[in-house]
Structures are given as C-alpha cells and as structure tokens.
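I'd like to ask some things about the structure below.
A, B, C, D, E and F are the chain letters, set down in written order, and residue numbers restart from 1 in every chain.
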Amino acid sequence: MKKIEAIIRKSKFNEVKEALHDIEVNFFSYWDVTGVGNEKQGHVYRGISYSTSDIQRRYLSIVVSDPFLDRTVEAICKSAYTGNVGDGKIFVSEVIETYRIRTKEKGPDSLK
Amino acid sequence: METTLLTVNNVWMMICTGLVFLMHLGFSLLEIGLTRQKNTVNILFKNVFIISIGIILYTVIGFNLMYPGSFIGGVLPDYFIDLFGLSLPENGLGPEYADGGYTYWTDFLFQAMFAATAATIVSGAVAERVKLGSFMIFTIIYVGIIYPIAGSWKWGAGWLDELGFYDFAGSTIVHSVGGWAALIAVWLLGARLGKFKKDGSVGAIPGHNLPFVTAGVFLLWLGWFGFNGGSVLSAEPGATSLVLVTTSIAAASGGLAAFVTSLMKYKQYDLSMFLNGILGGLVGITAGADMMSITDAIVIGAIAGVIIVLGVALLDKLKLDDPVGAIPVHLLCGIWGTLAVGIFGDLAGVGQFLNQLIGVAAVGVFCLISAFIILKVLKSTIGLRVSEEEEREGLDIHEHGMDAYPDFRTNEH
Amino acid sequence: METTLLTVNNVWMMICTGLVFLMHLGFSLLEIGLTRQKNTVNILFKNVFIISIGIILYTVIGFNLMYPGSFIGGVLPDYFIDLFGLSLPENGLGPEYADGGYTYWTDFLFQAMFAATAATIVSGAVAERVKLGSFMIFTIIYVGIIYPIAGSWKWGAGWLDELGFYDFAGSTIVHSVGGWAALIAVWLLGARLGKFKKDGSVGAIPGHNLPFVTAGVFLLWLGWFGFNGGSVLSAEPGATSLVLVTTSIAAASGGLAAFVTSLMKYKQYDLSMFLNGILGGLVGITAGADMMSITDAIVIGAIAGVIIVLGVALLDKLKLDDPVGAIPVHLLCGIWGTLAVGIFGDLAGVGQFLNQLIGVAAVGVFCLISAFIILKVLKSTIGLRVSEEEEREGLDIHEHGMDAYPDFRTNEH
Amino acid sequence: METTLLTVNNVWMMICTGLVFLMHLGFSLLEIGLTRQKNTVNILFKNVFIISIGIILYTVIGFNLMYPGSFIGGVLPDYFIDLFGLSLPENGLGPEYADGGYTYWTDFLFQAMFAATAATIVSGAVAERVKLGSFMIFTIIYVGIIYPIAGSWKWGAGWLDELGFYDFAGSTIVHSVGGWAALIAVWLLGARLGKFKKDGSVGAIPGHNLPFVTAGVFLLWLGWFGFNGGSVLSAEPGATSLVLVTTSIAAASGGLAAFVTSLMKYKQYDLSMFLNGILGGLVGITAGADMMSITDAIVIGAIAGVIIVLGVALLDKLKLDDPVGAIPVHLLCGIWGTLAVGIFGDLAGVGQFLNQLIGVAAVGVFCLISAFIILKVLKSTIGLRVSEEEEREGLDIHEHGMDAYPDFRTNEH
Amino acid sequence: MKKIEAIIRKSKFNEVKEALHDIEVNFFSYWDVTGVGNEKQGHVYRGISYSTSDIQRRYLSIVVSDPFLDRTVEAICKSAYTGNVGDGKIFVSEVIETYRIRTKEKGPDSLK
Amino acid sequence: MKKIEAIIRKSKFNEVKEALHDIEVNFFSYWDVTGVGNEKQGHVYRGISYSTSDIQRRYLSIVVSDPFLDRTVEAICKSAYTGNVGDGKIFVSEVIETYRIRTKEKGPDSLK
C-alpha cells in the first residue's frame, strides 16, 4: 500500500475532494499547514508592507492500495492545477501495514 | 424651571444617541460572527467606514435634506435654502427649540447615528462577495441622499406625515429603507460560491464566531433602548418607560417564538435563529413602540419571530443569499411592524392600516428604484462583485492584505 | 417642578435598567470564557433563553408575585388579587407613584432585569454537563416563582422587611438566591469528567477564552453601577454617587486582594482569580452599598477577595465542580456582604447582625429546599445530565448541531 | 429647583463616569488585539490591575494631590492639609459644591477613572516585553503621584491655569502625560525581537485579533462621550451637546483621513490605520472640544488622522517599537490638539498659542524627567525587560502559567 | 524503527494515551485533522440541515523501535475501539534513521 | 529522495528556518503539534497547579533529494539545539516518488 501526501492550495481543496470522490477515493485525512516555497504573498500591516513565503496550505494524507496509486496522483495533479507558482507537491511513500480499528481488518481490505 | 426640564430631556437624548452609536458595534459583531473568518477584516472595514462617512455626510448635507422645512410639490425637499453644513438656529440651544426636548446639536447627532444604520443593514446582506470600492460609493449615495429624502417624507413633516402614516422610530423609514436596498443588492450580486449547489441543494455556510453574534445582539437590544426610547424626542417619563417595556418584551417574545418555531421545524435548538428572532421582535415593535399595550407587544414580537424563521427559509427557496438574515429582520419585520400599527394598539383601524400600507409601498418603490439604479450602474461599470479567486481565498487578504486572526490556525470553507 | 424631578429620577432608573440588562452580556462572556469551546453555543443559548423567558415570566406573574401588597400569614404573598399580567395603576406614571422615583413601567422593567439574574448564576455553575431541557424547566420555575417569593419577603415589604433585615441591592435576595440553587445543582449534577481524578487529584479544566472573561467582568462592573445605583430607587445625588463610589472601591479592593492572596498561595499572577475577586467585591458591597464609608468599602471588598480564593480551593476539596466560581462569588460573598451590614457602616450592631443572620438563613433554607425539590424531580424524571459521550464531544454539536468557532482549529480537552 | 438641577447634572456626570470606566475595556481590547496571542493574558492582567490600583491610589492620595486648593510656590501642591483619604466636605452633596454640577463623590469617581488612563496608555506601548512587576511599580508611582501633580497645575487651579493655558478634557493633562512616559519607556525598553531586523528592514508583527481592535475603538469612541461630555462638569445642554458633536465629527474625519492617507501611501485599505485615525481624531479634539465649530472639528480631526499615519512611519524610522501606536495617538495628537486650541475656535490667537506651547512643554519636561527617573531606576535594579526566552515563548505562560486561548490551535510569530 | 500513524476519535484520546503509557510508550506527537470516511455527522445552521463526512479527528504519530511495534498497535486498537463507524485507522511505515536533537543520539537509543 | 520530519521547539523555529535557507533548503511545510515526551511544563489555573507533558511544538516536513539529506539533518540539529530536555527529534524515511503539480515534474527535479 502507498501513502500519498499532497500539499495543495486551500482554495483548490473542494475541487480535489470531488475529483477524489469521482475515482472512489473516499477515505483520507487533511489538515492545514504552512508552506515555505517559491510562492510569495504580499501583506501590509500598519504601514509596513512585507511579503512572506509562508503560505497556508492544505495537507492531504491518503493511504491507498497499490492499484489506486496512479489514478489518485493523476486526479490530484489535474484538480489542484492552476499553473501559477504555489500549486504544490505530491509525495508518495510505502506503507507496510494498515488496520481498521473498528473491524480489526488488515491490509488493503482495511482501506475499502 | 423650563431650562431644567430641557437639561433632563437633553441628557436623555444624548444617552440615547450614545446607545444608537453602540448599535454600530452590535451590527459589526453580528455581521462578522455570521460570516467566515476570511472576510472579517473586510466587513469590519465597511462598518467603520459607514459610521464615519455617515456622520460626515449627515453633517454636510443629510441633516438639512431630511428636515427641509419646506417641500417642492410636497415631495422633493426644498433643499435650496442653505443645504450644506450645520448652522445653529436662533434659540437652537434653548427651551424654544423642539419644545425643549433637546438642543439643535443633540438633534443632529441623534439623527446622524440613525442615518448610518441604513447602509449597515445592506453591508450585512452583501457580505463576503461585494467589492469594497463599489460598496463605499453606494453607501455615500444611499446614506447621503436617498435615506434623507425618504426620511423627510415622514420625519421631515413631508407628505406621508400629512397623510397620517405612522412610524414611531423607523420600522419603515430606517429598517425597510435598508432592507429594500439589501434585497436589490443580494439579487444583483448573486449568491456566494457554494451557497446553492448544482444539484439544487442549499449549502450551509456557518458563521465563524457565535459568541460575537450573541454579543452583537445583546448590544443591539441595549442600543434599541436608545433607538426607540430616544424617538420619544424627550424624557417624558410615561412615554419613554412604556417604550422601553414594549421594546424589551417584543424582543424577548420574538426570540422565544423564533426558537420554538425553528425547534419544531428543524428539531434543533438553533441559537442563530433565536438571536435573529430577537432582532425581528425589535424591528417589529419599532413602528408602534409607543402605541402598544403589553399584550400587543408580546403578539407583535412573537409574529416577528415566526416571520424570521419562515423568511430565512423563503430566501433559500428564492435562491437569494443573505448571510446575516438582514432581509427577514429589517425588511420583512420592518413591513410587519409598520402594518401592525394599523392592527394593534391605540391607532388600530382600517384607515390607519391603509395609510401604513401606502407608506410601506411608497418608501418601498422609491428605495427599490433608487437602489436598483445605483447598483446597476456600479455593476455595469466598476463591477459589484470580487473575482472568484478572491472570494475563495477571502477578501481580507486580497483587499486588505491582512488576516483578522493571524495567530490562529483556521479551517477554510 | 415635581414632574421635572420625576423625569430626572426616571431617566436615571431607565439607564440603570439598561446597565443591569448589560450584565447579562457580561455573564454570558464570563461563563463561556471560563469553560471549554465545545460547550460555548450551549451556554450562550441558555443565557439568551434566560433573559428572554425571564422578562416574559416577570410580565406574566413575577412582578405581581414579588410586590403583592398584602401577604397571607405575612409569608405567602397574597397573589389572588390580579396576579397575572401588568396593569397600569392610577397615577402609575405620575409623581405620586413610588415617591416620584420612577414610573410603573420603569419599576417593572428594572425589577425584571434583576429577576433573570438568579437563573444566570446557576447557569454558570452547571455549565458543560447539564441537559438543556431540564435547565430550561428549572429556570422557568425558579425565576417565575421561587425568586419572586423570596424577594417579596424583603422588597415586597414582607416579614423580613418588617423584621429589620437589610439588603440594599440584593446580596441575599438576588445573589444568594442564585447561589444556593447553584450549590444544590452542582451537588446533584456531579463534577465534569476529568475534574476529579481517580487518584484523588484535582484536574484543571482551563477556560477557553480569557479575553471574554475579562470583557465580561468589565461589563459586569459597569452593570453594577445600575444594579446598585438603581437600587437607590431615585436619582438622589448624594445616595447614588456614594453608592457608585463604594461599589467601585469594593470591586477594586476585592480584585487586588484576590490577586495578592492567590499570588502568595500559588506564586502566580492568576488573572482568573483577580477577575473573580472583583466580582466578589461587587457582590460583597451590594447589601450595604449605601451604608458604608470609603474605608468600610475597602475592607468589605478585600475580605470578599480573600473569600473568593479560599472558596475556590474549598470547593475543590469538597469535590464540588463549579466551572465559573459562581458559588464563591454569589453565595459566599453574598452571605458575607449581607452579614457585613451588621458589622460595618451606619447600621452596624448586634441586633442588626442577628437580623442579617436570620435573613440569610431564611432565604437559604427556602432556596435550598425549593431548588432541591425542583432539581431532584427533574433528575429522577427526564434527567439532569447529558450522556458521557455528549459531554466528551461537547454539548454544542449534540444539542445544537453547531460549532461556536467552525473556522478555527481547536484542541480538545 | 436648584436641587433638581443638581440631580440632573449629577446624573449626567455619573453616566459620564461610567462611560470613562468603559474606556478601560476599550483599551484592553485594543491592546490585546494589536499584539500577539501569546501575551494576551499579560496585557489583560496589566489593564485590570491598572484600573483597580488606580481607583485605590486615587482614593488614598491622588484626588487630594490633584485638587490641593493651595500650592507651595504655585507649583508644588500643598498636600500637607489632609492629604490621605477622602473626607466629605461641608455641603459636599448639595448645590453649593462645584456650582451644583455634581456631588463630591461623583467628582472623585469621575476623576479617578481619568487617572488610571495615563498608565493604560503606557501599558500598550510597552506590551509584549515589559516585566510585569516593574510595570506595576511604575504604574503605582506614575498614577499615584506624577499624574496628579501634573494635573493639579491645570485642573487643580495651578500655575498653568492661571497662565491661561487651556486644556478642556486633557489632550495634554491626560493623554500627553501618558504619551511622554510611553515614549521614554519604549526607548529604554528597546524593540521587540524581530521588529527591527539586522538587515535594517522593519518587521511587521501583526496583531492577533482585529475584531477586538475594532470593538475596542468603538467602545473608546463611546467612552469619549463621557470623557469629553463629562468635562463640561455639568449637564448644561448647549455645551454638552456641542462637545458630543465636535467629538464625534473629529473622530469620523480622523478615521477617514488616516484611511485615505494610508491608502495613498501604501495602496491598501488598512483597517488598523483607520481605527488608529479615529483615536487620533478623538485625542486631537479633546483639548478644545467645547471651543470648536463644526468645520474646526473636521479639520482638527483630519490633521490628527494624517499625523497618525506619518507618526507610525516615523517611529519605525526612529527604531522605536510601539506595538499599539500609543505614541502617535496619545502623544503626537495630544500635542496637536492642545496647540490647535491656539489656532482654531473661540480662543484662537497668538497669545493663546504661546500659552498652549508653554503648557505642552512644561508638562512634557516634567513627565519626561519623572518617567525617565522611575524607569531608569527600575531598569538598573530589578530590570524592565523579560528574558529573550520568555519573550519568544510568550509572557502568558511564563508570568502567568496560563494560555489565553487554550482550546485553539495557534501559530507562533 | 517504525512509524505508527493512528487516526482516532478525539473523544477516545485520553484512553489511548493512558494505554500507551501503560506499555511504556511515552513519546509521541499528535495534532487534530479532519477526516473523510464512512462516518457522517448531522448539522443544522439557520434552518439548513446538512450532514458532513468531514469530521475532526486526532492524528497520532509515534515512532518506535521494532520490538515495540506490535504491542503499540494492539494497545491503540483496544483503547480506541467503540465498534461504531468512525473508529479510525492505523498505518505503519518504515523509518530509516532517528535523532534526538538534545543528545545527538541516533537510532533506537534516541527513542528511549 | 528522503523525507525529514523534525519536531522542534516553537521558539527555535526562526533559527532553524534561517539555517535551512543557508544550505539552500527553501521548500518545506510545517505545522504545530502537541508533543508528549520528557519535558514537563508547569501551569496554574484558578488555584490548581498542574504540570503537563503535552507541549506545543512545531513539526517540519521536508522532502529532499538524497545528497541534501546529511547537511539538512545537521543544520536542524545545530539550529534547534538548546541542551535542555525538549529539544525534539528528527525522523528520516524513504520517499518513492514526488511530483510538482504546477509543472508535472517528477523526482529530484520537482524538489529544486
């Protein structure tokens, strides 16, 4: 099984969520993170204008069984795309084992 | 003697002025509380702007426009006699002025605080998507010109007043004037993204801070002591105290009625409805606060509370997106309260009811048309609505480059 | 002349009415601030409900019940003469009524604002675990019937009044009445999960918003200007201004004393104790605000402040869980303030002290019994406490299907 | 008759006292809103301490020190005649006292509320890095001794008063007194970590809660009704109502001017500047609120608004770190308002202008020196500033062991 | 060494924490996430009732040395269990290296 | 590629951030977590003093290409160090694949 971590624009979240549902990826967790990267954002406060590269982003953590991997990555890439700096990243890593607490199921079954 | 009585009256009127001013804080908290945190700075900015520009506009032109003394054809205030600025009249500070109810300065300031209210009502309805610039222009025209003209018809001793139309503290002259514009604005603006889904279902966009909403309503209730209590235009003990009683009772029964109705309708103890119901009751009693018996007040408030719950649902059906419920509260309950003067209390009667109807209709038509023209022109020129991206990411960061709560981790909706 | 004086007095009393109303916002902010965010909507709902139903109940029955004119056996108010609803008496708006201190309407509204307070005090103590429905029933009975009866003994010219018991603005008649019920309720309800650990240690459950707590206390302090200042029942310059001074000084010294005591006891600058101390000082001075010298006020306040710190610790020892410190503030300091009238100030003396004791005891017994009966019945029928799951996940989502702060990321406790 | 008028006047003055008290809540919200959440409890603690100790100090010594009746060499108040405590003078409650404008008690309490303000101003400027203990000591000395002495020069019928120096409600006597100390304190303390970067650039440290800032400013505006309105020292209708009008108009134009200036300067709709501009306008009009025409008020307010924007920028250039803008608002606009009395309004004239200059200078020198001595001594003994680690992690957790918002997920700055 | 990521009900956190302490797992980090899954939660706002599958959950990240793996998973499964939809998931993945900043310790020692 | 997860003191974040920039690590995401460990923190609330081992910390997630690994770990260790209990931990794990949404770049390039 694979863990897909995607860091996207908050404003793109709903589209990504729909895209995931369309390909039957209905289980995931997300939270908000601050991202440091190429994108800069202008601010002004009491006459001091400053630009920060610390931008709030949404972090998605999705564990899928291997056959789901590619289509999931694809779906995210499409739905999170704007073409401007700051679209974000996707990271894929290996997951050894998974459990569903409620049913004690292990492995791929626990992800269904 | 006389001067002492004037002093008392004036003290009371100054206090009421302060209380009406406090309503602007109440509105600000109510509006930000019922919307999302990403638009908070923008809404606060609008409210601070409204009260500031409102006072200046009323100084420069509004006050004279609203109390013109004479009319052209009985409709258009004759504002050719010193329209601009304030000038203290003879005896403006003595017992002769306004039957010793208050001084010229108090008169002005009390009315100035009222004026800004009209725009504040609109501000809530258009929240989270309106362009700041366009809204500011609208405010200037609406508060500076439209409100005073409408007001002059009644309080400026205009034709509605002669007709016998009664509106004690402004269910129509203040609240509906704001409400009608809100209706037009909401319609021209369109709903917020995600409010009405493709599949026809209605999306809920929860307000981000219910404590602020509650604090806002408490402050508005208190402010109404001044709004209605001050509309007695003196400290006459019997009238002022009766008005405070009817006002508070209507607020209470409005809230309870809304809470019970929504409990039956949705099986939930909905705080936001309870609070809106209180406001509904307050607006409802405003037109006849001095004419109603205790029982009348309870009934008027209760009906207003029901109107709120049904009104909110109705707007959703009509696909009109009013984030803070400004239209049910100020327009619907404003109309209800005005008509109620013809149904309950000392003035009740068919003739009065018809006069009330005429008043509601006349002000309605005037406000609808003028609001439509102003907003339509703005829409087809600089535009009324922010870009989709801006709406998604929030007006605070785009129009103000600021977060309302930079130290807090937030959820996006 | 007379009417002018009536007008002044009435203006003052109306302002005080508004200030007492404002206290309900103060209490709301205080209570949510000292509890966890997951129960915020629930607490706000209770407070909005209390003030609304309180006013209606007082209209329908409370006012007449509390000022019955005559008594049955000098104890039970003779409420058979027009108990229900308000009816303006002869001269109810003239200088004859209440020695020209205020009109009948002001009289009613001022008292109505007081009435709701009793239930608000309880609301804080039972926060975060009480069933909404049960609490609402309790409120209706307690505010509608118990409070007016107890009040009538003193302010309704009942037997305590004849006895010579003195309670200027209600340390006993208002605050203890709430406090006793809070005590019973806390005891019958049991503590919040995690407050008292298996290992016998006491868990801290920090309030979620200290700015709200502080704002609440400031508003309560201001409200007390009306609570005590209005209890002069006229605008008599000497009395009202003295009362405002003693009130403010007691508040200040109460806060400072609590802060110093907790600093010595816990080596910490504890803001929540400072604030509770201010409230303690305010409740403490309430019974004799018009009888005390400046020095008396400082001492009474200071002792109240110490009582708060020790009281909070005592409750923890007794395994009584009072999230907002309602019992130390309103019950303990209420008792202290009432007794203080026999120790300090113009009335000081053994006889007076005994009368004060009798008053405290009589009201205490009456409230304890009635509160016990009401709550016991509720407990053994529909139940007083929410399910453990609901308490864990928060009352907001379960009873209201709403979050107080949906846009914020929250920690669970 | 006379007593009735006294009653009216006294009612008005008591209300104003309450409104000035409310300003302390306004300041508290303003200060926490413009700083970071990790220091919120600390700032609230300071503000609650200031008002409490302020009242006690003013009771014990301040009031007599400020209104000494006689002077030693016309400069040092002759405080040897009963300096300590309050003692009700003959007729202290009758029409003879203070021309029947208010009672002795009202007099005291109104002034006491003023006194605390001076320290509150400093509290904002030193926020987020000052040692709590040191600040408390400073407050005690400054509010207890320095402020009353400076005040006595003018309001105690001292030499500045004889000179003809005019300061209606305290642009200099209250606001500058606080402002000068703030200036010294900010300079001795040094800037917050991260405010001025090694590379010479200025860092922005956004305030954590703009709704609180806005609420604070609304409350301050309302409080100013009492601050200026009460400074009429009676309810005289003409004067009080004029003062309320000029005050509100100056506030409005101050805000608008600051908003426009910052929009042109920074191309942003900066809410925090708008709000600071309102405060600037209020402080600016305070010295001559009763002497100005409507137009004067607009101009004075507008200039104050511009001063705010430029002042904030100037401080950054001077590497002085004033988190809440206390120096531009209270010092710069305080000076401006005082001088404006010599330029606009009924007193305008060269002679008056020079008197105003002398007053500003005299008070300035006196405050600068005394503040410097107090703070320098503190710095070289127990120290003024918290450790770097404490500043990084926040004063709340270190000095109070408490979080302001324990249920919320926070960002660190 | 292994990284155990557990997504549990907020209301179960204290029990899980105690269970972990009982088996001497005294080091971990946690934060709150929003979970999308089978469970639905009913809401009402101003007359609009809606149900969301976005539910706040607590996310635990525990890095343990291999011998600790099984008992830790077990402890969580037991203590986080209610049997109702929404009990959550556990994911296990490999960790190559760990450091304790304070002592520069590496590997298993840094987890003691 | 490797994923470096570092749990540090909030008060040390700025130093760590600068240290990372100095070695050209300009992309990362961070969020705040609550850490359970050796460190204890004293609190008082209304007369109850309690000490908690749940301390707010900052969680950094940095994905780097292998050559960057060592210097990044080193930079963090240095800049986050105070020597007191509570300095935090660093965990390193394998990342199979990475994508930059904006450019569809894969692997190391997507991290540049």
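Convention: a residue touches a chain if its C-beta (ideal position, glycine included) is under 8 Å from a C-beta of that chain, and two chains touch if they have at least 3 such contacts.
On a predicted model such as this, the values are computed, not experimentally measured, just so you know.
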Checklist entry - Looking at the contacts, which chains touch chain B and chain E alike? => result A, C
Checklist entry - Could the interface between the copies chain A and chain F be described as same, meaning over half of its residue numbers are common to both, or is it different? => result different
Checklist outcome for this item: Whole-Å distance, C-alpha centre of chain D to that of chain F, is 44
Checklist outcome for this item: Note: chain E sits from chain A at a C-alpha centroid distance in Å of 19
Checklist outcome for this item: Cα centre of chain A to Cα centre of chain C, whole Å, reads 51
Item to check | Residues of chain D whose C-beta touches two or more other chains | outcome: 1, 4, 8, 11, 15, 206-207, 209, 268, 270, 272, 400-402, 405, 408-412
Next on the checklist: Give the residues of chain A touching no fewer than two other chains, as numbers and ranges.
Outcome noted: 31-32, 34, 43-45, 49, 93-94
Next on the checklist: I'd like to see which chains touch which, written out pair by pair.
Outcome noted: A-B, A-D, A-E, A-F, B-C, B-D, B-E, C-D, C-E, C-F, D-F, E-F
Next on the checklist: Using the touch definition from the top, list the residues of chain C that touch chain E in their complex.
Outcome noted: 194, 389, 392-393, 397, 400-402, 409-412
Checklist entry - What residues of chain B sit close enough to touch chain E in their complex? => result 202-207, 262, 265-266, 268, 270, 272-273, 276, 309, 312-313, 316, 325, 411
Item to check | Touching residues (chain side chain D, partner chain B) in the complex | outcome: 1, 4-5, 8-9, 11-12, 15, 19, 36-38, 206-211, 214-215, 217-219, 221-222, 225, 229, 235-238, 240-242, 244-245, 248-249, 251-253, 255-256, 259, 268-272, 274-275, 278, 294-295, 298, 405, 408-413
Item to check | Residues of chain A that touch chain E when the two form their complex | outcome: 3, 17, 26-31, 61, 63, 93-102, 104, 110
Checklist outcome for this item: Residue positions on chain E within touch of chain A in the complex are 2, 5, 7-8, 31-38, 53, 57, 59, 73, 76-77, 80-94
